[in-house]
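The structures come next, written out as structure tokens.
Shared chain: subunit A. Partners: subunit B in the first complex, subunit C in the second.
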Partner chain A sequence: MDLLFQNKKISGVLTILPEREILFEDEMSNYNFTAAKSLKLKMAMGYNKHRIVEEGVCVSDICCHGLNYLFEHDKLKKNEIDALILITQSPDYFMPPTSNIIQGILGLKKDMICIDINQGCAGFVLGLVQAFMFLDQPSINKVVLLNADVLSRKVSKRDRNSNPLIGDGASITIVERSDESQNIYGNIWMDGTRADALMIPAGGFREPATNETAILKEDENGNFRSREDLIMKGDEVFNFVQQEVPPMIEALLDKASVSKDAVDYYMFHQPNRFMLHKLADKLNVPHEKMPSNVVENFGNASGVSIPTNITFNLGEKLCTEKKLLCFSGFGVGLTWGSLLMNVGKLNFCELINY
Partner chain B sequence: MKEKIISILNDLRPEFDFNEPFDFIKEGMLDSFDIINLVNELDSTFDISIDGIDVLPENFSSVDAIIKLLAKNGVE
Partner chain C sequence: MEEYFKQMAELLEVDSVNTNDELNSFEAWDSLTILSIIAFVNDSYAVTLNANEIKEARTIGGLKKVIDSKKK
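Showing the complex of A and B:
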């Protein structure tokens, strides 16, 4: 589905990552593989270290920490927030929405919208789309988009498929109306027939958590996980991304009549370095225009990976300059989407610790 | 080229004999992570970039399959 927006802008991005850093080597003994083989995997995929929350830390804790930081540093005012969108797959509770919890903790005004959306790696793109749509309402002037996940709590430490790459964290993106009438082009695709490629099977209403669903079982590749843990069919996800993302980006640029060279940076979701390099090669985009260093430094925190990519790689630059950015997220659902927009002269673009 | 491919495979999984006409995937000689390492090695050895859509187990099931994939990428 093609999308088009006007008079909208991002005015600030903050990424909040847990202070606790775990090295790949520290966890190698958890995996049922030789150290030599694990180290080869580390090199190929770009695994190095990842940020993981301390036990018991929830999404609302990290989001409130970040929002309080913005309030305390006069980068955001409480009464300006007309909508709070939280994209997460790890809410504090089944009910109520975690965005309402955050609203209550921070004492935000009642004349506002709070909404949770269950999305993952495409969550930054989907969240911006939702924010742009809210901003078409005359009474909504400023939207706070929160992307946050603590999925390490739902990943088996003995699963070499998922554990080395998982990361926790949150991001806060301020989205508001712009006087500039520049077009923002986008597209979104979904395919629920492949929903089991990324899944936590047990713990919801379809398969409630029991003693049986908590038992770790070995898969055909020597990984141990329970049905309450994240299951990622890595091969299927890789093939899905390589099949679907390049034509989507080609179509987006074609629709916008923008050449590949004219895009300053391709800020993509980062599952691993290998996947990003293959996408860049397929699109004939120089690797330096498509940063791939988020997983090796912080891990992959689903919808937080693009904002982390922005703050870590372009932080200072985007406070003084404007750049044409192509965002793309892809993952759970399956969902894949992209946006092409000018971003810059931001009020803030930084990364802090929780 | 065949010798070079077998040498890369032997470095990757020294416990197996890649000269034998086994199906490397069905016999469990290469798993999905081996394939990623293999693609990286082939890319750098032959100065190519194997298309992501070709990173499928069947393209790495035998030396002949790998030769065919390299030929598709212009390696003679």
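Showing the complex of A and C:
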């Protein structure tokens, strides 16, 4: 589905990552593979270190830390937040929404909207789309988009398929109306028939957690995980991304009448370096224009990976300059989406630790 | 065909491979090798394979047959 927005802008991005850093080598003994085989995987996929929360840390803890940082540094005022969107797959509770929890902890005004959205790797694109739609309401002038996940808590340490790449963290993106009448182009696709490619089978209402669902079992590839852990069908996800994302980006640029060269950076979600290089090659985009270093430095924190990409790779540059960015997120759902927009002259664009 | 054998030998980390070699008999065989084969077949033959199709092909020659049967 094609999307079109006008008079909207991003005015600040903050990424908050847990201080705790774990090296790939530190976890190799958890895996049921020889060190040589695991090191080969590390080289091929571009794994190195990842940021993981301490035990018990929840999404609201990281989000509140980041929002307090913005309040304390006069980068955001409490009473100007008209909507709080939290995109997460690891909420504090089933109920109430974690965005309401955050509103309560921080003492935000009551005359506002709080909403949780269950989305993953396409969560930054989905979140921006929701923020733009809220901004069409005259009463909503400023939207705070929170992307946050602590999915390491739902990944088996003995799963070499998912554990080396998982990351935790949160990002805060300020979205508001703009006087400049520039078009923002987007498109979004969904395919629920492939929903089982990325899922946590047990722990919800369909398959409640029991003693049985907590038992670690070995799969045919030698990975151990329980029904309560995240399971990813690596081959299906790889094929999905290579098949669906390039034509979506071609269609987006076509709709916007923008050439590939005119885009300054392709800021894509990063599952691993291998997949990003394949995507760049398929799209015929130079690797320098599609950064792929987030997973090796921080891990993949689903919806947080694009904001991490922005703050880590573009950072200060976006406070003074304006760049034409192409965002794309793809993953759980399955969901794939993209946005093409000018981003720059930001009030802040930085990465802090939790 | 020669190019296919050469590429497969490289992915399986051996000097050469034969038609009847069993895929899972190679020392290097694991889920990463399967993903590398998926990527190689996609790049070279514009054919999309999943992990099960590769496993069910069993041998080097069997895999080539699956690729050829999926070529448009």
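The definition used in the following text is that the second predicted complex is superposed on the first by the 354 of 354 C-alpha atoms of A that agree within 3 Å, B and C clash if a C-alpha of one lies under 4 Å from a C-alpha of the other, contacts with A are read in each partner's own complex, and residues count from 1 in each chain.
Note that in this section a contact is a pair of C-beta atoms (placed from the backbone, for glycine too) under 8 Å apart; a residue touches a chain by one contact, two chains touch by 3 or more.
Fair warning: this is a prediction, and the values are worked out from it, not measured in the lab.
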item: Partner chain in contact with A:Leu145 - subunit B first, subunit C second, else both or neither; value: neither
item: Subunit B versus subunit C as contact partner of A:Leu165, first or second or both or neither; value: neither
item: Touched partner set for A:Glu236, first subunit B, second subunit C, both or neither; value: second
item: Partner chain(s) touched by A:Asn221 [first = subunit B, second = subunit C, both, neither]; value: both
item: Contacts of A:Leu41 with subunit B and subunit C, given as first, second, both or neither; value: both
item: Touching partner for A:Leu279 - first (subunit B), second (subunit C), both, neither; value: first
item: Overlapping contact positions on subunit A, where the subunit C interface meets the subunit B interface; value: 37, 40-41, 44-45, 221, 234-235, 238-239, 242-243, 274, 278
item: Subunit A residues touching subunit C - in the complex, by the definition given at the top; value: 33, 37, 40-41, 44-45, 161, 221-222, 233-236, 238-239, 242-243, 274, 278
item: In the complex, subunit C residues that touch subunit A; value: 28, 30-32, 34-36, 38-39, 42, 48, 50-51
item: Of subunit A, residues touching subunit B in the complex; value: 37, 40-41, 43-45, 160, 221, 234-235, 238-239, 241-243, 274-275, 277-279, 281-282
item: Contacting residues of subunit B [partner subunit A, same complex]; value: 12, 31-33, 36-37, 39-40, 49, 51-53, 55-57
